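Chain naming follows the written order as A, B, C and D, and within any one chain the residues start at number 1.
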Amino acid sequence: MSRENPEPTVRDVADWWATSVSRVEPNLIELRGRPVQDLIGSISFPGVIWLMLRGEPATPGQERLLEAALVSSVDHGPHAPSIAVARMAATCGVGLNNAVATGVNLLGDVHGGAGEQCMRMLSEIAAGAAAAEVVGRWRAHSKYLPGFGHRFHTVDPRRDPLLGLVERAVADGTVEGAHLRAARAVEELLADGRDRPVPINIDGCTAVVYGELGFPPPLARGLFVLSRSVGILAHAWEETGQGRRNKGPMPPSILPTPLGREQIPWPGEDPAPS
Amino acid sequence: MSRENPEPTVRDVADWWATSVSRVEPNLIELRGRPVQDLIGSISFPGVIWLMLRGEPATPGQERLLEAALVSSVDHGPHAPSIAVARMAATCGVGLNNAVATGVNLLGDVHGGAGEQCMRMLSEIAAGAAAAEVVGRWRAHSKYLPGFGHRFHTVDPRRDPLLGLVERAVADGTVEGAHLRAARAVEELLADGRDRPVPINIDGCTAVVYGELGFPPPLARGLFVLSRSVGILAHAWEETGQGRRNKGPMPPSILPTPLGREQIPWPGEDPAPS
Amino acid sequence: MSRENPEPTVRDVADWWATSVSRVEPNLIELRGRPVQDLIGSISFPGVIWLMLRGEPATPGQERLLEAALVSSVDHGPHAPSIAVARMAATCGVGLNNAVATGVNLLGDVHGGAGEQCMRMLSEIAAGAAAAEVVGRWRAHSKYLPGFGHRFHTVDPRRDPLLGLVERAVADGTVEGAHLRAARAVEELLADGRDRPVPINIDGCTAVVYGELGFPPPLARGLFVLSRSVGILAHAWEETGQGRRNKGPMPPSILPTPLGREQIPWPGEDPAPS
Amino acid sequence: MSRENPEPTVRDVADWWATSVSRVEPNLIELRGRPVQDLIGSISFPGVIWLMLRGEPATPGQERLLEAALVSSVDHGPHAPSIAVARMAATCGVGLNNAVATGVNLLGDVHGGAGEQCMRMLSEIAAGAAAAEVVGRWRAHSKYLPGFGHRFHTVDPRRDPLLGLVERAVADGTVEGAHLRAARAVEELLADGRDRPVPINIDGCTAVVYGELGFPPPLARGLFVLSRSVGILAHAWEETGQGRRNKGPMPPSILPTPLGREQIPWPGEDPAPS
C-alpha cells in the first residue's frame, strides 16, 4: 500500500454498498425508514411501490392514480415480443424467474421505453413550450411520435378510463393537470387535417399519469416493467402447463420442410431442435 | 407437402399462440374475459395479479392476504445477490429494464425458489403426512430445510404480522388453515432440543400464505418475483442517480493493487475495467 | 462486534473474490498463470477456451477436437427459440449484448442442456454399466432420451464428421474412446426392431466429444453456450439491419384482426404494440 | 378479412422468419450457404465466427487478426461487473447458461460498448477528419474518451502485442492501416502536455483490429461479447465448484451486523437471505 493513502477498511466496502432504500440488521428490516412489520397488512402494494421509489408515502389520491396505471398495462397479448419470448423461455427448461427476466429484458427503448420518451416530450410542453414546436422537433429526427398512435387500435380502450381518472384527480387537487393538457394539445395537433385522429396510446396515457404524479421519465419505463411483469408471468405460467418443449415462433406444422409435419416422434426421441 | 397431411394454414399459427389469458382485437382488450376499461380504476393491482394468474377475481379477503405477502418481500437489502447485480447492471450502460431483468434472473432455486420448495413440503403435511417424516425425508437429501432459519434474523420481523393475518383469515373463513398448522408443526419440530428456535423465514411465511390461497408451488416463486422486482427497481434506480460507471463488487480503494487507490482519473480517461 | 471473532478486514473481501482463473494487477494480466501478452497471437481461441476452463493448455489433438465441436453447433436456424428470441430482442431497442443474453438465457435443461444429460448417461456406460440398463432406467422417468433423435433430421449431417474426428482421435491416442463406444451401443439399442434408426443428434455428438476430452457434464452445456452464441449474435445482427420495431412471433399480416393488415401507419404513429 | 387485401398465407410467416444466415431442412444444415459437414474439422472457430457475421470466409491473415483480438479480451478479473454477477448468479440455483447470460447482459454502453464508440471515433479519423477536432468534439459532450486510459494499467499489457499484430498485417497487405494510424494520432494528442501518457486500452486496441478488418462498429461490442463470454463461463464454473449459496458482494463476515459473523448455521437452516 502506498504511504500517501490511508489503509482501506471494511468501512469502504460498507459505504460502497450503502443505500437509503432499506436497512437490514438482525431482526430488523426497514423500508425507507419504516419497520416492515408496520407496513405488512396496512400499506397497499402500489403504496409500497411508491414508498420504495419516492422515499415518502403516497396520499390516497396519488395511490389510486398509480394503481390504475399499473393495472392498465399488465398485458397486450402474446403477439407482443416481451410476452412471446417469456412463453418460449418457459418451454426451454429454465426457471419461471428466468422466463420472466427474459420478457422484461425486451422492454427496451422501443418496446416499453416509449412512455419514458413521451413523458420527456409532455414535460417540455407542460413546462411551457409550444406543442407544435416540440412535436415538430421530434418529427425531424424520428418517424414515430412516442405515445401516440397504435397499429391495432383506432381508440385505445385504456385511454378514456385513464384520462378520466386524471381529470378527476385534477378536479380534486391531487394533481396539477399540465401533462394532461399537454397530451390533449398533441392529440389535437395530430388530428388536424386527418380523417381519423391519431389517438394517444397506453404509453402516452401512462406517461400522463406518471408525469402528473411527479415521477422522473426513466421511471415511466420502470413502472411499466412492474406492470407488464404480471402479464409476462401469467403467460409464462400458462405456457408451462401446456407441456411444449423448445417452443419456437412457428408451429412444427409450418416449419419449412415436409418432414417437420410428417415425422412422428419415436419413443425415446428428443425433439430438441438444437 | 405430403399427401397425407392437410396443407398448413394461418390457423395453425394462431392456434400455436392461442391463450386464455388475454384477448386483443382492434379497440378491444380483455384480461381473462373482462374488458380492460372495466378494470381500470375498479380493480386493485393485487386484484389484477390474482385475476391474471387464476382466471377468476379474488374475494376481498383473498386479495388482502395476497397484498400483505406481496408487500412483505419487496426488499432485503443490497447484500442479496438479486439486488446487488441490479445495482451493478445500472452502472454499465444498459436500460433500467435490463437492470431489473438481471436481478430477476437470479431468483433461482436457491435465492427465490425456497418458497416453492417450502410450499411443496407444507402441502404434503397439510394433506396429512406426518411433519417428522416429511422433514426427515427432506433432510436426508439436503443440508437445508426450505423456508426455515435465517443467517441474519433469529426472529424474522415479517413472520408475526404475516402469520397473524393468516390466523385472522382462518378465523373469518377466508382460508382453511392447513398450511399454517403445517408450518407450526415444522417450527415445533425444529425447536425441539435447541436453545434457540429455528424460525420460519420469509420464504416459509409467504409459502404459507400462497399455499392457503391455493396457488400451485411454482407460483410461490412467481409471486416472489413480482414482489422483489419492486426492491430491485428501487435499488437500480437509486444506483443510477449516483453516477458510478462499471460498479464492481469492491470499491476501487480496496482493489487488489495500490494503483487502484492512487490513480487519479485523467481528463479524457475511460475507467471502464474491461 | 463480538469478542470471540476477530475484526473483519479488507482481506476478507479479497478472499471472497479470490480466483485461480485470472490475476489482474497494474500492468499485469495473467490467465491461468500465463501473461496475456504471451498468449495473444500464439494461442488459438479454442486453445484459450480450454486453458480458461481446464487450467492447463490443450494438446494440438485435443484442441482440434474441441474446435470441431464448437464449430458444429453454432446455429440451427431461427426456428430454435434461442435464436428467435434474440432476433425479437434486437427489434426492441436494447443493446446487442442484451439480445445475445436473451438468447443464451434460453439454453436451459431442455434446449441446450440435453448435451449435459447425455454426457451423464454416456459416462455411466463408459464406466462399465450396460447400455440397455442405463437406457431403460432413463426411459422409466422420461419420454426422451437426451442426445438421440431429431424432429427434422433422420441423419443429422453433423454426426458423421464429428464422430469421424473422434474415431481418428482414438486411433492416434488423443482420446480413449469409451464415450464413442457408449454412444454407438445406445444407437444400436435404439435401432433394434425399428425401420428407421434413431440417430444420435448434435447434443449427443458433442457430448461424445466433450466426454472424451474429459470435460465434466455441466460444461457440455457451457461449451454449447459459447458455440451457439455465435449464431445468436449473427442472427440478432442480421435482424438489426432489417429495421423492424417490436418484432413478434407472427407477421402483422396474420395478426388476429383485419385491422392489423389494413391499417397504414400514419406519419407520426408509433406502432409499438404495448 | 377485408376485400382489398389478399388472404394471408403460411408464406407470410416463413418470410417473416427468413434469413440468409443459415438454412435448415431435413438432413441439411447450411451456414451462409455452406453445408455444415464441409465446415466441421476444416474451418477454425474464429473462421466460422467471421463466416457467420460477414457471409464470406476470411483470409488466413484476417482470421489470425480476429483470433488474436478474441483471445485478448476473454477476462479482466472478478472485479469487472460482468464477471462478478455471473459468479453471483452461479450460486443462486440457476443454470450455467443463465449465469453466463447474466454476465453478458451487463456488457452495455459503458462496460463492453466502449469499443463500439471508439471504433466510430477512429473510423471518422480514418476517413480523413482531424484527430484533434474529433477528440475535441467528443470531449465536449463526455468526460471519457472511449478506448483510452485505464484505472489499473498505465500501459495495458494487451496493447503492444495487439497493435504489433496489426502493424504486421499492414506490412503484409492484410489490412490498410488507417485505424491504426488514427489510434496513434489520438494517443499522441492525449500525451501532449502530460507526464504520463493516456494509453489506448483493450476496448481501443480491439476497435483498431475490428475496424481494420471492416466490421461495423456495433460488432465491436458483439465480438467483445463472444470473447468475454469465455471468461464469464470460466468464472461462473469455478464459483459453482465452491459450494456457496446466494453469494452477495460482501462476505458474511463483514455484513453490517455482528450476527452475520457469529451465527453458525444450524442443521436444517436455510441461509438464503431473501
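What we mean here is this: a residue touches a chain if its C-beta (ideal position, glycine included) is under 8 Å from a C-beta of that chain, and two chains touch if they have at least 3 such contacts.
Since the model is a prediction, treat every value here as computed from it, not as a measurement.
Novice: Any idea whether A-D or A-C has more C-beta pairs in contact?
Specialist: So, comparing the two chain pairs, more contacts are at A-C.
Novice: Which chain has its C-alpha centroid farthest away from the centroid of chain A?
Specialist: C
Novice: Could you state the distance in Å from the CA-based centre of chain C to that of chain D?
Specialist: About 18 Å, centre to centre.
Novice: Counting in whole Å, what is the centre-to-centre distance of chain A and chain D, each centre being its mean C-alpha position?
Specialist: 28
Novice: Nearest whole angstrom, what separates the Cα centre of chain A from the Cα centre of chain C?
Specialist: The computed centroid separation for chain A versus chain C comes out at 32 Å.
Novice: Using the touch rule from the top of the page, what residues of chain B touch 2 or more other chains?
Specialist: Residues 8, 10, 12-13, 17, 24-26, 76-79, 84, 93-95, 97-98, 101-102, 105-109, 112-113, 152, 154, 249-250, 254, 256-260 of chain B touch two or more partner chains.
Novice: Under the definition above, what is the set of chain C residues touching chain A in their complex?
Specialist: 7-10, 12-13, 73, 76-82, 84-85, 88-89, 91-94, 98, 101-102, 105-115, 135, 139, 143-152, 154, 190, 194, 198, 201-203, 224, 228, 245-250, 252, 255-257, 259-260, 263, 265-274
Novice: Looking at the complex, which residues from chain C come into contact with chain D?
Specialist: Residues 1-2, 4-5, 8, 12-13, 15-17, 19-29, 31, 35-37, 39-41, 43-46, 48-49, 52-53, 64, 67-68, 70-72, 74-79, 84, 95-98, 100-102, 104-109, 112-113, 152-158, 160-162, 164-165, 218-219, 221-222, 225-226, 229-231, 233-238, 240, 250-251, 253-254, 258, 261-262 of chain C touch chain D in their complex.
Novice: Name, in rising order, each residue of chain B that touches chain C in their complex.
Specialist: 10, 13-14, 17, 24-26, 93-95, 97-98, 105, 249-250, 254, 256-260
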